[in-house]
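I have a structure I would like to understand better, so I am pasting it below and will then ask my questions one at a time.
Letters A, B, C and D mark the chains in the order given here, with residues in each chain numbered from 1 onward.
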Amino acid sequence: MTKIVRETAHGDAIRFSLFAVLILAMPVWLVPFGAAYPDLMQKFAIYGLFAIGFNILFGLTGYLSFGHAAFLGVGSYTAVWSFKLLGMNPLPAIALAILLAGAFAWVIGYVSLRRTGIYFAILTLAFAQMSYNLAYSVLTPITNGETGLRVLNSDPRVLDHMMGAGEVDGPLVTNLFGMEMSGLPGFYFCAVWLLIGMFISFRIFRSPFGLMLMAIKSNQNRMNYTGISTRPYALTAFVISGMYAGLAGALLCVTDPLAGAERMQWTASGEVVLMTILGGAGTLLGPMLGAGIIKYSENIFSAFNEQTLHNIFGFLPDGIEGAVVSVAGLFVGEGWHLTLGLLFMLIVIFLPGGLIEGGHRIQAAVARRGKGGGSGHQAQPQAAE
Amino acid sequence: MVDFLNPSRRGVLKGGAAVGAGLAMPTIFSSKAWAADYLNKPTGDTVTFGFNVPQTGPYADEGADELRAYQLAVKHLNGEGDGGMLNTMNPTVLTGNGVLGKKVAFVTGDTQTKSDAARASAKRMIEKDGALMITGGSSSGVAIAVQSLCQEAGVIFMAGLTHSNDTTGKDKRRNGFRHFFNAYMSGAALAPVLKDEYGNDRKAYHLTADYTWGWTQEESIKNSTEALGWETVNAVRTPLGAGDFSQYITPVLNSDADVLILNHYGKDMVNSLTQAVQFGLRDKQVNGKDFAVVVPLYSRLMAQGAGENVKGILGTTNWHWSLQDEGSKAFVKSFGEEYGFPPSQAAHTCYVQAILYADACERAGTFAPCGVVEALEGFEFDGMGNGPTLYRAADHQCFKKVLVVKGNENPTSQFDILEVVQEVPAEQVTYDPSIFGGELGECNNGA
Amino acid sequence: MDAILLQILNGLDKGGAYALIALGLTLVFGTLGVVNFAHGALFMLGAFCAVTFNQLIGLEKVTIDPTQTTPWGSPVEIRVPMIEEWLGPTGTFILDYSVPFSILAAIPVMIVIGLIMERGLIQFFYRRPHAEQILVTFGLAIVLQEIIKSFFGANPIPQNPPDTLRAAADIGALFGFEPGNIVYPYWRLVYFLFSAIVIGCVFAFLQLTTFGMVVRAGMADRETVGLFGIDIEKRFTVVFGLAAVVAGLAGVMYTPILPPDYHMGMDFLVLSFVVVVVGGMGSLPGAVAAGFMLGILQSFASMTEVKSIFPGIDQIIIYLVAVIILLVRPRGLMGRKGVMEG
Amino acid sequence: MGILQVQNVNKSFGGLKALNNVNLDIEEGSLHAIIGPNGAGKSTLLNCFVGRLRPDTGTVKFNGRSLLGLSPHEINQAGVARVFQTPEIFSDLTLLENVMIPALAVRDGAFRINTWRRVDKQPDVRDRAEAMLADVGLADKRNDHSGNLSRGDKRRLELAMCLVQRPKLVLLDEPTAGMSRADTNNTIDLLARMSEQHGVTKIIIEHDMHVVFSLADRITVFAQGHPIVEGTPEQIKGDPKVKEAYLGGAHV
């Protein structure tokens, strides 16, 4: 059984500040990893938010949803429509996206939460697949189907025109009162939302509400006989995580005003499950970590080609180099899915609690190796193994 | 520091650099942007191309072939190998010593045949790797999405395989160029051949992939066949990736139709064609005529998947390795020597796009996108397969011969699947650029 | 009328494939308690057994004709299948019937694959949460399909049905309808019969053999069977092998209908899960019934007449039915209480 | 007028009559034991009290209010707590959290979105939970993981979870089943002490006669879905019908 790996509330302020510093300083410390370019950092922040929200449902409440990509999609489409109709300011777009994704999540959650376990998972999957299939075909007037919904110069953009910023010569970029939301400013915009989202997640984890969610995951039967009506709690968690997904979807469009239907596909829902578990479901920081690793491997591993491999292994003798390159070539470039698949298997087999659990284990091992008891650096009394 | 507050400032990196400087960013962000008069201006002795092809997903094989062609093109541009179509292109200023004195380097990315992933990958190549030009792709959705990204970022996009009218129609962009043909041209080229083969009194039944490309093709083919006097009995939309098409094929049997037109590509085409043949459609007689199946857009790679079922079935294709002009022969030879098999049409179009871009830079004397755009617009050339070709200025669409092909009845090898029935001259497929609407807009240098 | 009959045929045929895949999935779930997301990959591996078999028996003797060269410079090769050279007409016959013959090859291969999977990985996940089972088998599915992709590429590889079964049968004429209106490909009829036979065999095996009785008892109440001193887990390993064979055979026989590619398992995975859940997790008759029911409904939803009333209904029908059934019948058509609700 | 009144309750499953015209009246403040052989309908009756099952006919009134049609959490909110045969606790949480959850349920009701104040900064609830843990002798384990407790400690914890709600009625379903003798005795002591301190009404279903006779004020004996005898422990000990119910007929 996986147990909830938890830190105590003690030290949250430090933990959060550290997190904030790490996020805001990403453009610096990611340089040696080759990941310090705006688009990837934006993706880290956005998918981090998505996973953090998903974790509130899956990690805390224990409901495995296979349909959260639908809310991401709803958020994206809402945001782009807000750009088209209202204007390129991201704030109304985000507000509307969160609201609409929340409403959508309420409807789907209300129906799906009548069931639990795999039946719940399949219900959410069914709703998401219906949304995706329709968005790709019949709903093309709303979603622009395969090509994806974009902002055009001919769109009304009422607010922009009122502000006298309606005529733009060149591409339409979202801007926050004149500041363009692409490149690094775009990243920092997402990062601020990530920090807000993370802060709320901290509050939920430590609140009585969060405790109720954990209790639902732990023993729903006991909850019923403890005078708690579990379904509204689960539904609230579902809607909150749907709103996070809507926010993430809106941010995807703030940094890149195009909403494609593929982001609603079931594989996209599966991706956020993987992110959460990879980092550690039910932990505060795990989902962010998982999101970062998956997006990193998607963007960096897939970019390797034979040429880059030869550059990397160029120091080896010719014969060996050729062999190493052809073996390594199986795992990168067009083979990066293989790496991803192996990574999942290894993590689930050996670290079911995710990377955060791995960290705890190392920490515990180090503590044991140290001066023995009483050194003050022992595993937290609450950290479960 | 106030630079990025000015809304007229464009460019992904410029704004980034402003904040970057404020935070004492590493030079990676600032050095390029400040010195440049256009985005990603090469400062060293290399110039970077970005090859954005599907490496995973259903079009991975096509993507792999595209990548092979690009690598070959880079070799030829840098003066390695036998030079391929560099020797046959006319006119050209390329000499095989790189472009504008710089050696060509390249980076690759995976589009996954998804607009989101393709844009993320293209952004990486632009933002991180400093690519000046993005090229490749195997679907229209991706092409349109990446084309508009390149427009906004301020680099050149040389489309790979994309067949929708929209790419150079309502979604055309000044920074984007397409060498591949489109659905309208397929219809225009196919119609006369259909008339010769099947007469002008036919009833057509369309099965159409239910997404944008499928719809544009259905419309184009409908228009050109109805102009022949054909009647369209029905047009049914099928879900993308339906797998089993039997429930869409059986109604064809009971309809009055005597021609089935499959507006499918990729796996959908392989499956629907295989299954249609199994249902005996090709052996059927309706209204006293032999029933016919037509696949308006053929790809040799995909046709391989349908095996013997393609025999005798008409369609169009952009290029085929069996063409006997000097350019095609040279390309097939150098590709075959390098990889041991002939190139696909996707490989051809991608190779040509890379060469054309390099040539345009050389002629313009700059890598600045606006200069390249100017050099490519209205450019006429020959010797790249498909005969004399025009890159039309009004919509950045290439006009050249379109091949009408037929599934080979007696293939001599596994690559000999299609035979060319007719090379339809460019005049016959040329159309008025205004019919599809859209605006090219201004070119964008990205800085 | 003809149209409706044809759509029922289409549904039976599609339903046969769904039912075969779902059968193994639910068998594994009911016995081992494992949600196997790699089950679609087994279907795909089965299909590639047929491809490999075909390529092996189709091995060609290559003679090079140095006088001619291909346009890309290499000499022209003349290829003759060796099996034809050795066996003459028998060889040609085997080549022609390579798909049905590859069943013989696929059964042992799939058993071995199934056993390796179960002993090597699945057995460690019996008591792990379903979410972890889903993830690890999903990872396995990706790995398997990427391996296939690196050997066979991403494009579909055509497999032909035997020549005599290639055409379509005029079954309408047999029953006195107007000839030519109800025609159906022979191979699809074969596929439907085949799936019915395999389903029948699996049920007979479980109903009539002692082994099957123990397995069924284990599905109903694992602890009690364990109390009798029966090593139920050893039998479950065999059950996993059986499920792998059923999925594999479904894949082998489906290749002439759907040219196989590395991704076909994933394409079927979600659908077959929906089938299993609609039928009721762990219920064998439920899986079969749901498979055929969804297949037929899907066919009807694709009719132009229906689509003109509900646009896009064919895109969502399966999911819509799943939602309705799960809301009306909490545990699917024939599900048992308490299964998979934790 | 007792605190819990059961009148003419019948319940069948298919053709099987699980409860046959049951009438019961539980006196406030008493510890009422229900005993009987396996399959006598004891657990079915309990499930009718807590809202898991709904009787086919008859009424169940708690403090004069009908419980029929209420869901388990509503019945709990009305003041009925339940202890399960196997301790049902939140085994992923700490002991303190386990007890705080029912305390929160009392303070905040069946549903409240309460995300602003940290859970460990709710002194009212926390103090109450800690006092309760101290009461059952688990105070020094309050930050441990409850999943690792011994069975006896789990039972104590579950009792604490019920009692912290200050219910009017506690239903105990074989609270010592499967326990060691030592744990059973501890549990008996605890129950006895709880009766004194909290003065709650209790209904206990039990097989273990030792437990029943050392604790109960009144006993009802069930056989075949029907209460056959009711009385004080002394009366029950001597009753011939009880012997017959256990030794003859049903229980083989």
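Basically, a contact is a pair of C-beta atoms (placed from the backbone, for glycine too) under 8 Å apart; a residue touches a chain by one contact, two chains touch by 3 or more.
Bear in mind the structure is a predicted one, so any value in this text is a computation, not a measurement.
Looking at the partners of subunit B and subunit D together, the chains they share are A. Distance from per-chain Cα centroids to the pooled protein Cα centroid is smallest for A.
Interface comparison, A-B versus A-C: the higher count of C-beta contacts falls to A-B.
When you average the Cα atoms of each chain and compare centres, the chain farthest from subunit C turns out to be D. Computed from the mean C-alpha positions, the centre of subunit A lies at a distance of 33 Å from the centre of subunit B. Taking the mean of the C-alpha atoms as each chain's centre, subunit A and subunit C sit 34 Å apart. Centre-to-centre, using mean CA coordinates, subunit A is 44 Å away from subunit D. With centres set at the average Cα position, the gap from subunit C to subunit D is 51 Å. Counting partner chains per residue, subunit A shows two or more touched chains at residues 133, 137-138, 337. Residue positions of subunit D with contacts to 2 or more other chains are absent.
In subunit C, the residues that touch at least two other chains are 315.
Taken pair by pair, the chains that touch are A-B, A-C, A-D, B-C. Across the interface of their complex, subunit B is touched by residues 2-3, 6-7, 9-11, 13-14, 17, 70-74, 76-77, 149, 153-161, 166-168, 180-181, 183-185, 187-188, 256-259, 261, 263-264, 267-268, 298-299, 302-304, 307, 314-315 of subunit C. Remark: subunit A residues 27-28, 31, 34, 36-40, 43, 133, 136-138, 140, 144-148, 150, 153, 165, 169-171, 173, 175, 178-180, 182-185, 188, 252, 256, 258, 260, 262-263, 298-299, 302-303, 305, 307, 333-334, 336-337 touch subunit B in the complex. Of all residues in subunit A, those touching subunit D in their complex are 3-4, 9, 200, 203-204, 206-212, 214-215, 217-219, 221-230, 232-233, 236, 381-382, 384. On the subunit B side of its complex with subunit A, the touching residues are 4-17, 19-20, 23, 25-26, 28-29, 55-56, 60, 63-64, 67, 106-110, 114-117, 119-121, 123-125, 127-129, 139-141, 144-145, 148-149, 151-152, 166, 171, 210-213, 237, 239-240, 439, 441-442, 444. Residues 57-61, 64, 210, 234, 236-239, 241, 243-244, 246-248, 250-251, 253-254, 267, 270-271, 274-275, 278-280, 283-284, 301-302, 304-309, 321-322, 329, 332-333, 335-337, 340-342, 412-413 of subunit B are the ones touching subunit C in the complex.
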